[in-house]
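Please go over the structures that come below.
In the two complexes below, chain A is the common chain; its partner is chain B in one and chain C in the other.
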Partner chain A sequence: MAETRKPAQDFTLRIRRYDPESGEAPYWDEHTINLEPHRSVLEGILQARGRFDGSIGIRCSCKAAICGSCGVRVNGQPGLACHTHLDAALKASRDGVIEIEPMGNMPIIKDLIVDMDAVHWKKIARVTPWLLSQDPLPEREHIVPREAMVDVTQSMACIQCGACVSDCLSMEVDPLFIGPAALAKAYRFVGDPRDSQQFERLKDLAEDPHGMYDCTHCFKCIEACPKGVAPMNQIMRLRRRAGSDHQIKDRNNGFNHEHAFVKNIRRNGLLHENDLLADSFGGKANPKSAAFLARSLPVITRALLRRKATLKVALGHPHKAPADVKRIFETVEGRDQRNELNLYIEGYDEDDSGAAEPNVAAVAGGGQDGQSMASAPGASPKGTV
Partner chain B sequence: MPSHDVLIIGAGLAGQRAAVAAADAGVSVAILSKVHPVRSHSVAAAGGINAAISVTDDWRSHAYDTVKGSDFLGDQDAIEVMCSEAPKEVMHLEHIGVTFHRNDSGELDLRAFGGASVKRTAYVADITGQAILHVLYEQLMKYHETVDRYEEWFTTSLIIDEDGGCVGCVARDIRTGAIETFTAKNVILASGGAGQCYKPTTNALICTADGIAQAYHVGAPLMDMEMIQYHPTTLLENGFLITEGARGEGAHLLNADGDRFMEKYAPNKMELASRDVVSRAEQTEINEGRGVGEDGSGIYLDITVVPRKRVHEALREIVNIGKDFAGVDITKEPILIRPGQHYIMGGVKTDINGATPVDGLYAAGEVACVSVHGGNRLGANSLLDTLIFGRRSGEHAAQRAKGMSMPTPTDEQARRDRAQIAEIIARDGGSGRRRVSEIKDELGTVMNRYVAVYRDEAGLQEAHGIVTRLKEEALSAYIDDRGTVFNQDVLGAIELGYLLDAAECTVVAAIERKESRGAQFRTDFPERNDDEYMRHINTTKNGGDAPSVSYSPVTITQWQPEERKY
Partner chain C sequence: MKVAYWPGCVSRGFTPELHGSVAAVAPLLDIELVELDRACCTGAGVIAEHSQELADTLNGRTFALAQQAIAEGAELMMNICSTCQGAQSESQERLDANAEYRAQVNETLAPEGLTYEKGISNKNFLWLLVEEIGLEKLSSLVKRPLTDLKVGPFYGCYIVRPADRIGITDEHPRDTYLALVIEALGGTVIEYAGSHKCCGFPIITMSTEASLKQSGMHLGDAADADADCLVTPCPLCHLNLDLQQPLAEKVVGRPLDMPVLHLPQLVGLALGLSPKELGLARHVVKPTSVIDWTTTVVAGVPDPERDGTVAAGAGA
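The block that comes next holds the complex of A and B.
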């Protein structure tokens, strides 16, 4: 029972300030506040604003991680200010001062307030974010499997806070990338059995050069998400539906590349990128493969020079996967149904109630294509680890 | 100057539903909100939405439960409208994409809720408000060609023409500081409640009585403002809401002796009696020394009796709240709660189409008082209220717009509002002047002390005196931000004025009602007094003085008042 409350103590906040009307560059501003350690960083900022400086700009409303207003970076990690405890933030700080900055990948309007319309909402609008239902509508509700609704509730749990967008590495490289939040939103329709345009949606997202195959599986969005939406997992599920369920072979070669991955692991146990390249284009003998290989020569040369790869390993590695890897493939492929574990459909049942820490977190996106078992720190609340 | 047939202020469930309904009727629509629509406080509604959709249920049963829950202060014609239209509205939500939880046959699943005679609450885990709000916003994106959205615009005033009708509003673009006049044939207020009059409250920081005060300033009466709902289960720690869905799923309330004390107060419905009854029972246990926690000011909510799998599937949000904000795994141990301010049953008086007594001005959702909730709102009836009366307001306003020409208000109100904002920004922290945040804190604390679960004349008079003083102090309260881009400080000062107006009406109405009914329990008048007080109490602006008080009758159609037992 959490009855023994720790007394209030001093915390110092270092807040990134920017006043667009001043003509000055952004600067750091420090305030010492006094609160119990389990209070949130947002409460700290609000105390500083109430007592010392009412001009500190931050969007906030519910204080309970539901409205999605207060997305910021705390000690460099994106998340909600209201969902990050002061003690945890202090522990994660570099120098005993809790550092709060605006989110990344979006233009800053003032202090901690970013322009979400220009980036985030534009991308949401890109994925046709409304249900395209069958015609005619049923008289009462659609009859759909219980699990299907629970399943899409994971992506419905998204509060559009932008934390995943803030630190998406692919978006940093390709600002046009549709991105984790919008693609998770897309899964909310693709996974919804009431939607009538699933194939069209998937085809569209696969064909877009900034679409679902632009994600590089860096897990940043899963770490950032305060609601356990696990956007990357939703992206993997989009790919699986596109590739395995609808056989959508896209112009970007995403489908073939993904299958080459699986083939590579099945055969080698480890990823060997020289095989991967060839397999992605239909094998070493395929002219497309040769053309791509020729185009990639500078990259390959650099990799060799910097010893990221060696000729010996690249060419001489054994084409034999260890027995464990074979067993994993057999288990996964031997299932009657692929696993669609996610946030709400739990990975344990009643008689397991004594089990350790419940894995509320998503293990979504598991299954055939080898993307499963992503640990999902999204369920851990503190944006600062 | 933007002009529209229907202008909606506030973009929570009521506002968005009104926008879509008005657009469907073929008129020009704008929706304006001080926050991005998905940040609206409807997002926090957890438990679900009531509708008699089960084949064994009947909307009349839902209506009777609502009448009884209201302690016979609800208007029965309005309640009949809401409950009879509920099934169709829920099916509409399902059709546009709300991911309602299903039963094993694939139909909508229903959960039990307080004050309801059968299971009739449709839900999406415990994020029902969020799920509906985000799906409605999907619809707004779909309607982008027919509904103009003004996101992050703060309304400063309603505009009234020489005939006393509402012809638009003045609003400030929060991003640029620009003030504009919005012309409209009809204005629908959908800007939510007044929870920030209280501290603590389950309500978001944005719930600052904006629409209530704006309507009050143009002469619209506020009805039943004394009816303030305390939710039985808010986190002792910080006042966060723990959904009634927890008790709907079977959770128990326990006192320091480990007793399920609701046996004494509501032997039939136990934890699922209506909210005023449960909150009072908890407060009595606490007052009589059977509370728990460090200073005995809490009650245990024991969710461990609910199967763990079910908790993770249907109450996931409060698993997180327990873990993140109280350090408790609710599937393993009880959590400390207490009654906390949650909702206002009162608001701007409207008819069953959302029309207020001011021509061209509508209100829907928590800002309004139709009245469907009377003295006490049933859980899962507020989402329903927002959607039914949001839609009806939108449709009605659209029809009214079709028969009239566009009004031509002057820029005068905008000039006044610009001057007022400049005056606030220019204030300095001279002698005797207080910070806006200080005054707001004092208001919240005072309201929570004297205008809470139990009230009496002395406390209410004390509160009245303090609120009157705070109103005076607020006139010179100062802020720090002198900028124009996202000057949230100056908006806070304006909001404080709104809060004080609403709080004053609440206190005055609570003094006026010398009986105990629904959420108003007067220890000095502990009985319900139907002869004198089965009436609505209206407070209306009276120049610079305290509001004037008047009465209006309660509409009874088929259910005569009777003793209320759970």
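The block that comes next holds the complex of A and C.
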């Protein structure tokens, strides 16, 4: 092992410096440190602080990707400084200098330290992050299906580092958005069969104008998370449970949009945008639909004038779903249980023959889970649902 | 090369100029399109949100249809929409990962004699340009280099994230391809904050302000970086960036006037097609900067059809 280890080399770090109390504008500092390439960016920052400038602000503790303290952006990508190797960071750099900045979407306390209390922890507190158990409590222990608990392990892997919050693109324009970390935490309880308030939790997160329907599916949080939590996938599961299992009709049109889309494809095969827009607001006769239409009138007029959209396309139904597409909808929608394959839990088949440990996880509605889920969690480093 | 071609829904709905421009550009690139006209919507992530198995079965069906075309001589499957690419890649990842799950989906497809075999090659037009046609070949086909045109790339989330699913590697740095193509066509790449961010379209009906703020912000950032236009491989991004631009202007409180081109339109312009053939007149934001530019260059460049000279490089 020791002989394959590469010798120490120079790495240049470009560190974003900012002290809000100083009244000075932020600036960049460069320091060249000397470490073996497999060492972490955090060790690099600590060496720069030890050797060159004791005033560099960085928060850290375990140095082993467990405590979640050292969230930063390295070359523009959010993550843990202790979980990023120097050689990988150098490779990803634009100009041979490793660029280190504080995380985004949160105020800066000093240099690389952001105010987690002001944003991240407030949002976590927002989703009631503890079990609301049944009343009265069962006399003995709760007996829960094993697979139901396996189902929430992915969201339990969160170490609260804030990397997903840092780069959430919805939060960038809507700071009130509950955000990926807190919504993933919410799924941890919505998916827990011992929790007695699943409907109320879902209703609350669906009705909040900055809740589960504010997520754009941008995958930023999936890329950011160093622990494979895939917060966006947990948000999609919240929506699935709210919209399909509990039929929660929210004021944000989340329910309407999902159901309008599915209906649209079942009927037309291809998306019919005009119907989708109207149905997403609760149908053509709904006042909200009319309001959106009125607001969009100048755009619609222009699109029609430019022949971008023709009235035939906008109002007619040029497509019809083929019969077998309709049959697929009937077959799958008619199942007693919803089939979900979570690759975070199941992992990938090991060989091409496809014989290896196939386990389709069936997760039924409302936390009443069924069927086998035999393999161990955490098989894949990146979460995928 | 022959490809099993999935045009998506929006290119046949609200962005007809996209479908048209692909049809115009394909012969110039020697691409033969075998259209998958029986295939249906990928679900754009929304059907998967409703029912994962439903989305995977519908996409499995499209893959099976494409594999029939591949058996008849097509080399691979091609799409022209970042969102389709993302939704299809997500389904493919699950179908390829687990034999039992794949068998279950195939059982649903069986009555029509369709089967999906693991491992289809499905590439966005952008990937096909770089990986199959090649940048050198593309450059050699340029009749009207995009000299002095400052183009901001706008990828769309689904084609750049998550990196492992989308196949972004050292060998295939797919998150840089738009810049490479713009350069190969002779244009200037504009770097700006929003190039890899979200256009906001998926929440336009649920959180309209937040949606338009996103498109408005990225368009503004591109304008501040001095871009003449944006180019995108995603028609859904195009809807929020172009069709909704007048509304986005109101939300962000500044005029934007930023033309947004579909990728095949940009390629077509460089390959010598006229703005009209490429449907540029159909955009909500008139691509004045682009059209003025092409008109100027066209006027200054000998017509190769008419007097037999090669126009490449003449616009410099």
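Throughout what follows, the second predicted complex is superposed on the first by the 271 of 385 C-alpha atoms of A that agree within 3 Å, B and C clash if a C-alpha of one lies under 4 Å from a C-alpha of the other, contacts with A are read in each partner's own complex, and residues count from 1 in each chain.
We take it that a contact is a pair of C-beta atoms (placed from the backbone, for glycine too) under 8 Å apart; a residue touches a chain by one contact, two chains touch by 3 or more.
This structure is a prediction, so every number in the text was calculated from the model and none was measured.
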| request: Kindly classify A:Pro209 by the partners it touches after superposition: chain B alone (first), chain C alone (second), both, or neither? | output: second
| message | Let me test your reading of the model: by the given contact rule, A:His38 touches which partner, first (chain B), second (chain C), both or neither? | response | first
| field | First, second, both or neither for A:His317, with chain B first and chain C second | value | neither
| Partner chain in contact with A:Ala65 - chain B first, chain C second, else both or neither | first
| message | With both complexes overlaid on chain A, does A:Gly57 touch chain B (first), chain C (second), both or neither? | response | first
| task | Name the contact category of A:His246: first (chain B only), second (chain C only), both, or neither. | result | neither
| task | Could you list which residues of chain A make contact with chain B in one structure and with chain C in the other? | result | 343, 346, 348-349, 353, 358, 360
| field | chain C partner contacts - residues on chain A that touch it in the complex | value | 169-170, 172-174, 177, 209-210, 213-220, 222-223, 236, 239-240, 243-244, 252-254, 256-259, 261-262, 265, 269-273, 277, 280-281, 292, 295-296, 298-299, 302-303, 306-309, 313, 321-322, 324-325, 327-329, 331-333, 335, 338-341, 343, 346-349, 352-356, 358-360, 382, 384-385
| said: List the residues on chain B that touch chain A in their complex, please. | reply: 35-36, 38-41, 43-44, 53, 91, 94-97, 99-109, 124-125, 127, 130-131, 134-135, 138-139, 141-142, 144, 151, 175, 204-206, 237-238, 240-241, 293-294, 307-309, 312-313, 316-317, 319-321, 323-328, 331, 333-334, 336, 435-438, 441, 479-489, 492
| request: Would you tell me which residues of chain A are touching chain B in their complex? | output: 1-3, 5, 19-21, 38-39, 49-51, 53-55, 57, 59-69, 83, 85, 109-111, 113, 116-117, 124-125, 129-131, 133, 137-146, 148-150, 152-153, 156-160, 188-189, 192, 194, 343-346, 348-350, 353, 358, 360, 381
| said: Give the list of chain C residues in touch with chain A in this complex. | reply: 9-10, 12-17, 38, 40-41, 43-54, 56-58, 61, 86, 90, 93-94, 97-104, 108-109, 111-112, 114, 118, 157-158, 161-165, 197-198, 200-203, 205-211, 213-214, 217, 243-244, 246-247, 281-284
